[in-house]
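Look at the two complexes coming up: chain A is in both, with chain B in one and chain C in the other.
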Partner chain A sequence: MCLEDIIRVIKGRRCVRSFREGEIPNEYIHKILEAGIWAPSGGNIQPWEFIVVRNRDMIDKIKLVSPGLFGDPSVIIVVCINLEKAKRGGRIGESMAIIDVSMAAQNIMLVAYALGIGSCPIVSFSKTAVKELLDIPKYVEPILLITLGYTDKWPNPPARRPLEEVVHYEKY
Partner chain B sequence: MKNTNIVKDPHFKLLSFLITSARGCIDEPQLYGSLRLIDAAARLIDIMMVEGKTTEELLNLKKAIEENIVLVMYDEKKYIEFLDRLVKDLAKIIKSA
Partner chain C sequence: MCLEDIIRVIKGRRCVRSFREGEIPNEYIHKILEAGIWAPSGGNIQPWEFIVVRNRDMIDKIKLVSPGLFGDPSVIIVVCINLEKAKRGGRIGESMAIIDVSMAAQNIMLVAYALGIGSCPIVSFSKTAVKELLDIPKYVEPILLITLGYTDKWPNPPARRPLEEVVHYEKY
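Now for the complex of A and B:
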């Protein structure tokens, strides 16, 4: 394992909001999703479900109801929580499920980046409309869209709050 | 009647954007209301372009919006400064009309 490569991928991943055309091979999509399911989850409940949208017309329809989605991605992964499964986490089940799918989402974006594919997580979309468009059942809740696509424009890294500001050793 | 073409109609696209934004804005950060409005403005200029109603000044406004819109996510101060410039440019267009 090469630590430098991991750090390079973590630091190099950017939110891409401008894509060029280019089909993402199925084997890449498979690798990306596999990274998703290897995320940790509370109680190993794995409350996630992923809907992979590659159909151009459907991508355009999702764009219509997603004000926070910029650019023309080749693929949209709708990251969902299965509420039935999340229930197994007790009263904190749903909030824990959000943490779980977030970890899966990060894995997905990191592996996409390692494969040369740009991505962006999007929370600004209409869940109601996406549920209707994709026939998502009541017990499944879409949480995040992840756009995927090739790009010629990797954005500059936005500033991070420095370690000194956000890290507290031993006590706050 | 199933209207498959409506989803490609630029006015309908703007309409969908406005309706879903109206709902989204209730839960989202306050500044995102401004973001959606300025995004809608750029989309409106697109429509005006198709209808042959744009001028060079309007296209410059659209270019400025496209170049600066993401500032809202990275730098609030610069985003507001950009909006101030945009309003000034708009005022110049109105003044010279």
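Now for the complex of A and C:
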């Protein structure tokens, strides 16, 4: 196994908010998305839908409605849940789907990093506006945006709450 | 970079629902949780709290209130959000926190797999009962359980919705 490698990727990944120009090859986008669909999903429903936006004008339009989006990424992946599929999970279907796509997003960002590509997950954006801009149907809900791009500015890691603070043994 | 390794781990991880006996060393639990806290989090709030349950009686009690939990894991990690911390994220704080801990959970399961340990994320459990069993305070909410254990039965990968179906270019 390749434990040290995976830990290096998990710890090395940063939220990148300053990108340089540089096109991301299609085969990289493919590998990145392929990682997404190998996340687990509740009841194996796989409620995810991904929209890959490369068009510069559209990226600028999305930026205008996304206060949480910084920098000029080469690509935005809009990570959505398909509500028609999610409802197969019953009462907890939608909340389960949000967990599923978040796990897929983490896979996406890890593989992006392993490819030398910076990323950042963004939840602060207007869902209504993004739905309209990208012709997203009523039964599909965007949950987060992931920016992708090359960078010369890998940020320093923000301090972590230490394990002793966040881990509780046997009881809280 | 170690692209092939990380892809191998992401694709190899399975949801394991049948465990054999075998204690997981403390240092492994430590590495697994360490991966969790290196997930990104909205506003760097790090809203997570993790409860590590190894006690056999307590695991059995949790199983009784968790219809989604299969097999006899050696460890259950209860992944929680700290609502006091999450509310710093304002109106979207809680939903952001759920995304954050889901990403942390994915890191946890990937490192577990790289260590040869099976895992499964579970959302079908009684939050009320788990809170009471583990003395979880009012301001902390369990979001998912992760079972951990050794296994002789790695399941086959369930079929994936193909990329052509789930990926949309430029517009939905």
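Throughout what follows, the second predicted complex is superposed on the first by the 172 of 172 C-alpha atoms of A that agree within 3 Å, B and C clash if a C-alpha of one lies under 4 Å from a C-alpha of the other, contacts with A are read in each partner's own complex, and residues count from 1 in each chain.
We take it that a contact is a pair of C-beta atoms (placed from the backbone, for glycine too) under 8 Å apart; a residue touches a chain by one contact, two chains touch by 3 or more.
Keep in mind it's a predicted model, so treat the numbers as computed, not measured.
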* Asked: Touching A:Gly116 in the superposition: chain B (first), chain C (second), both, neither?
  -> second
* To do: Using the touch definition from the top, say if A:Ser124 reaches chain B (first), chain C (second), both or neither.
  => both
* Have a look at where A:Arg17 lands relative to chain B and chain C in the superposition and call it first, second, both or neither. => first
* chain B versus chain C as contact partner of A:Pro158, first or second or both or neither -> both
* If you stack the two complexes on chain A, which partner ends up touching A:Asp60: first (chain B), second (chain C), both, or neither? -> first
* Asked: Regarding the shared-chain residue A:Pro40, is it in contact with chain B (first), chain C (second), both, or neither?
  -> second
* To do: In the overlay, answer first, second, both or neither for which of chain B and chain C A:Val52 touches.
  => second
* Asked: With both structures placed on chain A, which of the two partners, chain B or chain C, ends up touching more residues of chain A?
  -> C
* Mind sorting out which residues of chain A both chain B and chain C touch, each in its own complex? => 124, 158
* Asked: Which part of chain C faces chain A closely enough to touch in the complex?
  -> 1-3, 5-11, 13, 15, 30-31, 33-35, 37-40, 42, 44, 46, 48-55, 58, 92, 95-96, 98-100, 102-103, 105-107, 109-111, 114-116, 120-121, 123-124, 134-137, 140, 143-144, 158, 160-161, 163, 166-172
* Structure fact -> Contacts from chain A onto chain B in the complex sit at residues 17, 57, 60-61, 64-68, 70, 124-126, 128-129, 155, 158-159
* **Touch list for chain B against partner chain A, complex** => 7-8, 12-13, 16-17, 20-21, 23-24, 28, 32, 36, 39, 70, 73-74
